[in-house]
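Handing you a structure now.
Chain IDs A, B, C, D, E, F, G, H, I and J follow the sequence of writing; residue 1 opens each chain.
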Amino acid sequence: MLKNIPPLLGPQLLSTLRAMGHGDEIVIADANFPAEFLGPLTMRADGISATDMLEAVLTVMPLDEFVDEAAIGMAVVGNPDAREPIYDAFQDIITRHEPKMSFTTIERFAFYDRARKAAAVIQTGESRLYANIILKKGIIRPSAA
Amino acid sequence: MLKNIPPLLGPQLLSTLRAMGHGDEIVIADANFPAEFLGPLTMRADGISATDMLEAVLTVMPLDEFVDEAAIGMAVVGNPDAREPIYDAFQDIITRHEPKMSFTTIERFAFYDRARKAAAVIQTGESRLYANIILKKGIIRPSAA
Amino acid sequence: MLKNIPPLLGPQLLSTLRAMGHGDEIVIADANFPAEFLGPLTMRADGISATDMLEAVLTVMPLDEFVDEAAIGMAVVGNPDAREPIYDAFQDIITRHEPKMSFTTIERFAFYDRARKAAAVIQTGESRLYANIILKKGIIRPSAA
Amino acid sequence: MLKNIPPLLGPQLLSTLRAMGHGDEIVIADANFPAEFLGPLTMRADGISATDMLEAVLTVMPLDEFVDEAAIGMAVVGNPDAREPIYDAFQDIITRHEPKMSFTTIERFAFYDRARKAAAVIQTGESRLYANIILKKGIIRPSAA
Amino acid sequence: MLKNIPPLLGPQLLSTLRAMGHGDEIVIADANFPAEFLGPLTMRADGISATDMLEAVLTVMPLDEFVDEAAIGMAVVGNPDAREPIYDAFQDIITRHEPKMSFTTIERFAFYDRARKAAAVIQTGESRLYANIILKKGIIRPSAA
Amino acid sequence: MLKNIPPLLGPQLLSTLRAMGHGDEIVIADANFPAEFLGPLTMRADGISATDMLEAVLTVMPLDEFVDEAAIGMAVVGNPDAREPIYDAFQDIITRHEPKMSFTTIERFAFYDRARKAAAVIQTGESRLYANIILKKGIIRPSAA
Amino acid sequence: MLKNIPPLLGPQLLSTLRAMGHGDEIVIADANFPAEFLGPLTMRADGISATDMLEAVLTVMPLDEFVDEAAIGMAVVGNPDAREPIYDAFQDIITRHEPKMSFTTIERFAFYDRARKAAAVIQTGESRLYANIILKKGIIRPSAA
Amino acid sequence: MLKNIPPLLGPQLLSTLRAMGHGDEIVIADANFPAEFLGPLTMRADGISATDMLEAVLTVMPLDEFVDEAAIGMAVVGNPDAREPIYDAFQDIITRHEPKMSFTTIERFAFYDRARKAAAVIQTGESRLYANIILKKGIIRPSAA
Amino acid sequence: MLKNIPPLLGPQLLSTLRAMGHGDEIVIADANFPAEFLGPLTMRADGISATDMLEAVLTVMPLDEFVDEAAIGMAVVGNPDAREPIYDAFQDIITRHEPKMSFTTIERFAFYDRARKAAAVIQTGESRLYANIILKKGIIRPSAA
Amino acid sequence: MLKNIPPLLGPQLLSTLRAMGHGDEIVIADANFPAEFLGPLTMRADGISATDMLEAVLTVMPLDEFVDEAAIGMAVVGNPDAREPIYDAFQDIITRHEPKMSFTTIERFAFYDRARKAAAVIQTGESRLYANIILKKGIIRPSAA
């Protein structure tokens, strides 16, 4: 463990978040997500909820203000307008760290295609359905360095 | 060996089944199947029948209820309507674990193409012909976690 | 996830437990334990308590009845007779799975030396001090296969 | 599969037996044997009995006539004179392939030490206890080539 | 060496032939064939003739009866109807092992393209020109297992 | 870059510091230090001073309070009592982060031997002589997690 | 360190610059640049400014006189004519080493695409925005060898 | 060193030349050639002239008589008819080893594209410009074996 | 194949012989020799006799004149004075290439120990017993370069 | 090539010299030296003389002034007082770069043992006997950085 860094962020995850640059994306996935054979590096977080992981990641990583959608979830299959409870939980955490940012969703297979290009996928033990989220990294400005 | 886990599932196979997510596929192949040069990871199960392996896999892995066909075999070459005895043996095992699921077949080279995208191929020592089956993994719902 | 297997056991951990044989040892370590540079394979379980991990491991892995001590913790530095609360928590879980087995402790550096020969170390996010335990795997008898 | 070669011998096992030379040793181990972390390459044969594997190996591999003991098992812990039923099963198979050779045993930890220097360990799914055997390869004379 | 297995088949070649399945192809190439940079695994057999190698391979590997051409050579450059002496030597060996099979030829660069998809290329020391042959593996039926 | 983490700590260094446990050591070395062939992983920090690096590391990593010496430098060759200016610079930074800790020194070759067992060496571009320091990681107590 | 070689050029960077040939490109990137997942080898230079790095690289590496643009930066997003202060800093350094060469810019995503084909990316700790530059290597003529 | 083999041909180069077959190509490149990031294996020959290397290679490797152009250089950029002195030096060496073969040239980027498919590139220390040559390997006929 | 180099010497063997220096040793072993698990790199030469291989090796590699014994065989087990026919065959070939050199023998296990330190072992298909020989490489003097 | 860096120093050699620190050693060896199987990384410089290589290395690398012997050659076997011409050639080059340093020699096998601990061995094509030299790297002082 290190001082002032969320303990949920292990060595490899911390390294990945630090290595990502402007516009790179990372996925927080639920326990059923087909992560390991998708392509990107998969980091296991069995037993951890997707919301706890989102909280830890946003504590250190800024979201991208250059685009409209920097936190993207997976829409319900066959019912794209459905509002899953996990969506609100995600939005609450995002709002706390990035007040102006909205959580949006895309269709299941579009989500997979986008996740295939991510820097990494964090597979949590989250058992709630549709608890997947893509996060696009922002920049840190000189004054904030 | 571990408690309450079918002994046929060795370390690598258990790991693969655990790593697979919703929609990922695994192939149980007979002894003549061209597995090793196909692309996916091949796990050997020389001396084991395809039916014993299917029984062991379905004991721990759910099939995908989001699609119509989650257990797909290889049709007889030149006679797609032929009903091989192994098909019934596969259907019996599937029915026992997933009562509503049907075993269907596709043409030989279509089977190869689909197998190429599988997470892995388990090459058994099964000597009966056409004893190949693709299994599509389902999800485990919160209540079942 | 798989049916009837504790979700805390991810692909690599499940594979390791399955690969271990009679007398092989695995370490469940707390968040401060110097695991990564010790020698054996380290598996991360950041955010998970040592007791939850012990519960999950003993659900599938038998302890060794051929030896007197199959569950060994780390004694308090400078006070080997001290009884840390975590010891009782460990003993309770062990008793539930292996009624006749006792939890014992050894000195810190003796613990490190023994851990160096383990099959693997699971580094949990456990923040309680002295929450480290070595588990020696037992056998599964023919009748239990 | 190949013509006239026992189907139990998969690609890697066949390769290993072929690569071994005069005096090299291979271990056939039961399901509880601590093989994977012992040192030598481990080949899995989950679901296969130790006797079926012994039969397959001796079909292609000669035993060493330069030494007195070329087929060595593990003695019962705490009772070195005990005669386990598996010993007779081993002796029968050996006698069929190498009429003059005897099956002998050594103590458990001496067995481990010797196995550590073997070319490989075949971990079967054998659930009978003490079903472990070390085989020392012999030569093939010019007339037999 | 092993009992009843042609000594020309070394560990890696034996392993490859055993790993190949129905329809997989292997190439026996002469000493001038551009094997090493073609793509597939190359196994060296310097000093061995292509005909001795063909004899050894067909002793253990069946040819594919599902296709019309399972043993394909390289036609003479600029003279596709020319009949090289090596062709007859190949046909004799094939006929001995697979009485109904014919040796046919394809054009040089078509041969290279097909060889690129082979499981492996065995580069012999054969100095006769056009001594290259692609072999397509057949199946072993239950009765023959 | 990440929020609230010193920018000098790149992906691999952050990962290493996070992976280190109680008692593990890391070396900050000057530009002349023989780091790359010493044994441990070497991380380059060309152009960075040893003092800036020490400041960055101690911002996130606690020193070990279980031992008397947790920050050890290299004594001047042939003059072990000499007090190099860099020593005071090191002590000032240490005091700011760990008020009770002292900087001590050991002889050059003893320093090399101890560095050989470190988790890693950070090779800075520091051109001042004797600007090498070994840091021993401490623990983070439950209340501080 | 070596005599007469800028200390900022560490082992791997020096090796890369030496290995590059006529027309090969290298990127000096700022701290927010998405370097690590872009494709080319990334070399870290945390804590170093882009201008110091440019100075060091041009001390040993000639720019390409066969093309019009051998030093290319990234244009401001949404304002391609904007003139960032860093551009002048870059031009000054270039002019000192290569008097006839001009610094030009291309659009952000065109920059990424070109960077993907570079020999390597040096990720500096530069916090000024738009401090990215692609350098195309020139030749050294016989008289200058 | 070996008897009767040009000392310029080191272990890896000798191995590559021996492994090449009919029609495979190797490139001898000058010191400015962009070899290392082109694709094929690069072998360094710093300090060696292109002509000495050509002499050594042609001592052991035959050129391809099945094609019209088996020794191809790079034409002068912007002046394809220019005749560089190095061309004559190349032709002299070729004529000595392969009396009927001519040296021809192709355009710079066509040369790069062809070099990308070569078995390897030998990067010499040649400082003369345009001292690059692609060599296509021929066959050795039975009588010459 | 290459001009004027024995065809039996394939790419890897040629590379190894070229890489060896003064005093390095290589072993030519018969088909029963336990080569693959001995330690050094093993090169297969299935189907080739030990004498043909010795002839090919000595054509390019000088023996060491700085020692008394540069060509050492394995003595008959239990009868160190026995003179196997293969010994004379070895001596004849040696005498042809190195007129002053004698073939000597050492005991079986001493042979194994020395072979363990060799640069490589060439495993031939030689079926004659005791057809093993260690060769110690000599130097090439300036006049002979 | 790079500006102001001796062209004989290729990418890997430059990287190695840069990575070496105070007291690390590198060996320049002649063509007969047993370098490749000695242990350290070997870099080939076939066709280059040992004296040209020494000249290039000392142009960038300082020798160690903390020890009496920083440039050590190999004494003539059986005649340790013999003065080979190459010794004077070495001394001349050393004197030019490091006026106060002397060239000394040690016995052949002592030389091998010391070379085994070197950072690397540069194997030149030098055909003069006893043209081997170990160089111990010095430091660059702050004023010289």
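Here is the rule we go by: a contact is a pair of C-beta atoms (placed from the backbone, for glycine too) under 8 Å apart; a residue touches a chain by one contact, two chains touch by 3 or more.
These figures come from a predicted structure and were not determined experimentally.
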Item to complete: Give me the chains shared as neighbours by subunit B and subunit E.
Response: D
Worksheet, complete the sentence: dist(centroid_CA(subunit B), centroid_CA(subunit H)) in Å evaluates to 52
Worksheet item: Measuring from the mean C-alpha position of subunit F to the mean C-alpha position of subunit G, what distance in angstrom results?
Response: 32
Worksheet item: Which subunit D residues reach two or more other chains?
Response: 1, 7, 9-12, 19, 31-32, 36, 127, 140, 145
Item to complete: All pairs of touching chains, please: list them by chain label.
Response: A-B, A-C, A-F, A-G, B-C, B-D, B-E, C-D, C-F, D-E, D-I, E-H, E-I, F-G, F-J, G-H, G-J, H-I, H-J, I-J
Response to the item:
Per the touch rule, the subunit C residues reaching subunit B in their complex are 1-5, 7, 9-12, 14-19, 59-62, 140, 144-145
Worksheet entry | Interface residues, subunit E side, partner subunit B - complex | 19-24, 66, 119, 137, 139-142, 145
Worksheet entry | Contact footprint of subunit G on subunit H as seen in their complex | 31-37, 77, 123, 127-129
Worksheet item: Which residues of subunit B touch subunit D in the complex?
Response: 1, 7-13, 31-32, 36, 44-48, 52, 125, 127
